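Next come two complexes, and both contain chain A; in the first it sits with chain B, in the second with chain C.
And now, the complex of A and B:
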């Protein structure tokens, strides 16, 4: 999670403890949901009958500081207690260690809105399931500095990975690395032939590291270019989702009516950062909500969050998220509001027509 | 190879002459107190004491008793000199710091007295290095006036339990707060950093605690940046004794066993941070 954003959102729900994060440009969202069974004791609400389920966000670095030295933690810590004390304004992490030693960390936290990415794996045309090692070994061939990678479904259901080359680059001066994985390297391949998506490698690598360590099979759900790609890991007590925006296809017709809004990502929080592998906690980021009034977005159907509820600050943040040079900025649509992140673009109220986006000349 | 007891080629008396088969017995201890460049060395018939101070509120002493040396002769009642500890350590480790059990560096140390440099002869595998380090006028040293009769609280711990804790202390905190009490939380180390506060609690019946003599609940704060160097001594030691007196002065005594199984001591004294009133538990 720390590879993605600078802040960690913790949300206890009835179905488990959710830890999630989003990056600054709102183009990557990850969540880990730990089912109650994962814990020895899980009490989401307070002792009172009508207690509201509290959620909070903390700085990723502060939280990571508690779990600084993993090897020694494994040897010395027996139990970890996590308590949210809203009155004291503290998130308490208490480690019970060898020799009766207790280490108590009282972290400051901020109250926050619910961080929720809306996506629907059911609506994705293609999916690939396989051991994370296969993909991890594949991405090793790409340079660490590579920003985006293209995943492609080839003939015979082969899966290809290629580094994404920007349009302006000179073909004679660019090195292209391409590799193909046979269908039988994976457990399941159900892809639309010829389908292709391009996404950010950095955040994906973070998930791969965790996936390899956890030994869980990784599933990739994707649809058309521009629609988010969803990576999931699942077992009985853990559900992990990584949602990345994908590069939209320049040839796509911007006039296409949006499909029924099946997903909206209302990220109300700022960046997430840091190590997926240090968080064994999964957060659930499923928000499979039925569409109603989806904002017109040609390549990525978004559902408008209710304008009365949306935080007016979010629209400003959208502009701030348009940091030049970050891959999602170029042509990625914001996962969350369907508007392209470019500086100077007036932040669109989600209910606006797509036409406003066309005038950006992004296509 | 041991050196001859006679100083090489001279009939002059040395006020201090010492020989040590393995210079590491000295260098590792000196490193445990090396947080400033200069140190004051005291030599008496009992052995050598090296003192380093900082900010007029912290003092560290390394004791190497005469028995550790193969030869230790002091001609006067006591010999005092001030020396650059960084340079001394560089010389003692001139053949490298990696430990190779087959070839220890042998040391001979000679000092003619006030105004003369400290001479070091180091030998490893037949190669001899001669070092002359200028000495300086010794400074007035702090006297913490810490005596056992004034001790209010005392805990003796196995160092293993504290090592990680000290290494992982939140350095964004200005102070380290130490609470010692006959009641809960018994022994607590606290920091107050940017992320929030952290408390490390040791119960009195923990296996790590060898002796627990707390008479009064005391909470004192000490500047973390000053105490942090004591982590080196802690890393070398097998046991540590933590004592506070009525004024809140802290004494940390580390028992260090060297490669030959001999015991040496390093102690740190620290006075409480006066900027802050007694901290909350």
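And now, the complex of A and C:
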């Protein structure tokens, strides 16, 4: 998850604890849903009759810092307790270790709306299921710095992967790497012949690493270029989804209004319908600007963070590493997510182009 | 103009990859000359390279199981290509467990060297990864630019010290100075010197030995019967020297250099089936 976004959303539900994140350009979303059975003890709601389940988001790095060294954790930690204390404004991570040592980490959290990308794997025309290892072995042939990769369904249901060469790049100067995987390398291949999508490799690699380690088969659902590609992993106690925006086909009509949910992800926001409309209109305009230029950012006023609620750690925004993530200035259609309306909007790193700023809303 | 070649043996493939990796460290772009019996990686001494030039020669028979070439014309059965060796290095990097590697000159949208790596897979058919490496075809009229450089009238020829040692010395010196003086004599002594405002450092090597060169036309070599102790020296760009030393992945069978006083240093590194010559001119 840390390869995708900077903030970790924790959402307890009746069906389990969901950990998810979204990237800054809103073009990648991932969620891990741990069923109650995964835990020794799972109490989603607080004591008392109050039904509302508290959700929160924390800084990814703070959370990761608690689990810093896996090998030593495995040796010393008996149990880990995760406890949300809304009154204290703290997410408590308590590691019960050997020799009577207990390490308690108190993380500040922010309240947030539900982060949910709406996607429907049923509406995807194509799907591929196979061992993660096959894809991991395939992806190794592409350089670490490669931004995007194209997946294609070829003849005989072969699946091809090719590095994506940007439109501006000179074909006589760019090396093209391509490989084809036979149908029988996968468990199931049901693809629309000739279909092809392009997505960002960085986030996909992150999922592949997890998938390989967990030894679970990976399923890829995709539809037309521009529709998101959905990667899923599943077992009895865990459900993983990675949703990535795909490059829209430059030949397709850019004036097509997004009529159905399949062509882009829609926001799911329960309470802010009015703002939703203007927000979505602005999103659509920016995504369909077409041409070769970068879509202009919508002109929403930047909210200054509310000093009473802002997390002191926000001041130290760190730049992403050198490996390119899903870049905001490509012609990816943004995945529109629940705009996270919190009283304290985190200040964005000044050098990032913002495609989707959180809209103003009455709270 | 056609070219196809195939490597099946893993040891040959690894050896070839190592050669390409070395070349990739020395030159961003270079010329690949293909003949019936040999491959050459050539860098000619343009200003853009900082005046260095490189000549690397391989016998194709030592690497390839199949090698077919049809040059530009019958009397000139050769092909000259301009390419980025790093691309080739990258293509071969993940071919460590390949069943076979085929290289072919093709011209789909533009001239390319197509490297097809056949990898084992659990399925019934092998996995094939292809890398299309763009190349530039060099026309025959420019072939003269790429002739083997030769330095016949050198002042001193001496075997190099153990490359690993030399590399670590030069690497440390690189932090202190941009240029380094190599001096050597015919008594097997070599010094590496740097000098800055604050410090001067000299590393002395002894008993290196001097290769016996058959003197041509008698008396061509200025040192014949002359001053054995006299040092020939050249001040060269230390980064270029460090690049050369750092790029060596395998210990050469023979490593020597010829120094033309204040003009140029000519390094010759010989392996069983590969020879690499690298020329670093003296700084003004």
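Just so it is clear, the second predicted complex is superposed on the first by the 262 of 363 C-alpha atoms of A that agree within 3 Å, B and C clash if a C-alpha of one lies under 4 Å from a C-alpha of the other, contacts with A are read in each partner's own complex, and residues count from 1 in each chain.
As a working rule, contacts are C-beta pairs under 8 Å (C-beta built on N, C-alpha and C of every residue); 3 or more make two chains touch, one makes a residue touch a chain.
Just so it is clear, the model here is predicted, and its values are computed rather than measured.
After superposition on chain A, the partners chain B and chain C are seen to fit next to each other with no clash.
Residue contacts after overlaying the shared chain place A:90 against chain B, while chain C stays out of touching range.
Looking at the shared chain after the overlay, A:106 reaches chain B, while chain C stays out of its contact range. Look at A:61: by the touch rule set out above, it reaches chain B but stays clear of chain C. Once the two complexes are overlaid on the shared chain, A:215 sits clear of chain B and of chain C alike. Applying the stated contact rule after C-alpha superposition, one finds that A:187 touches neither chain B nor chain C. By the document's definition of touching, of the two partners only chain C reaches A:141; chain B does not.
Once the two complexes are overlaid on the shared chain, A:175 sits against chain C while remaining clear of chain B.
Nearest C-alpha atoms belonging to chain B and chain C sit 16 Å apart in the superposition, given in whole angstrom. Taken in their complex, chain C has these residues touching chain A: 84, 87, 90-91, 94, 109-110, 121-125, 127-134, 136.
On the chain A side of its complex with chain C, the touching residues are 137-138, 140-141, 143, 171-182, 184-185.
Touching chain A in their complex are the following residues of chain B: 161, 164-165, 168, 170, 194-203, 205-208.
Partner chain B is touched in their complex by these residues of chain A: 59, 61-62, 65, 68-69, 72, 76, 90-91, 99-108.
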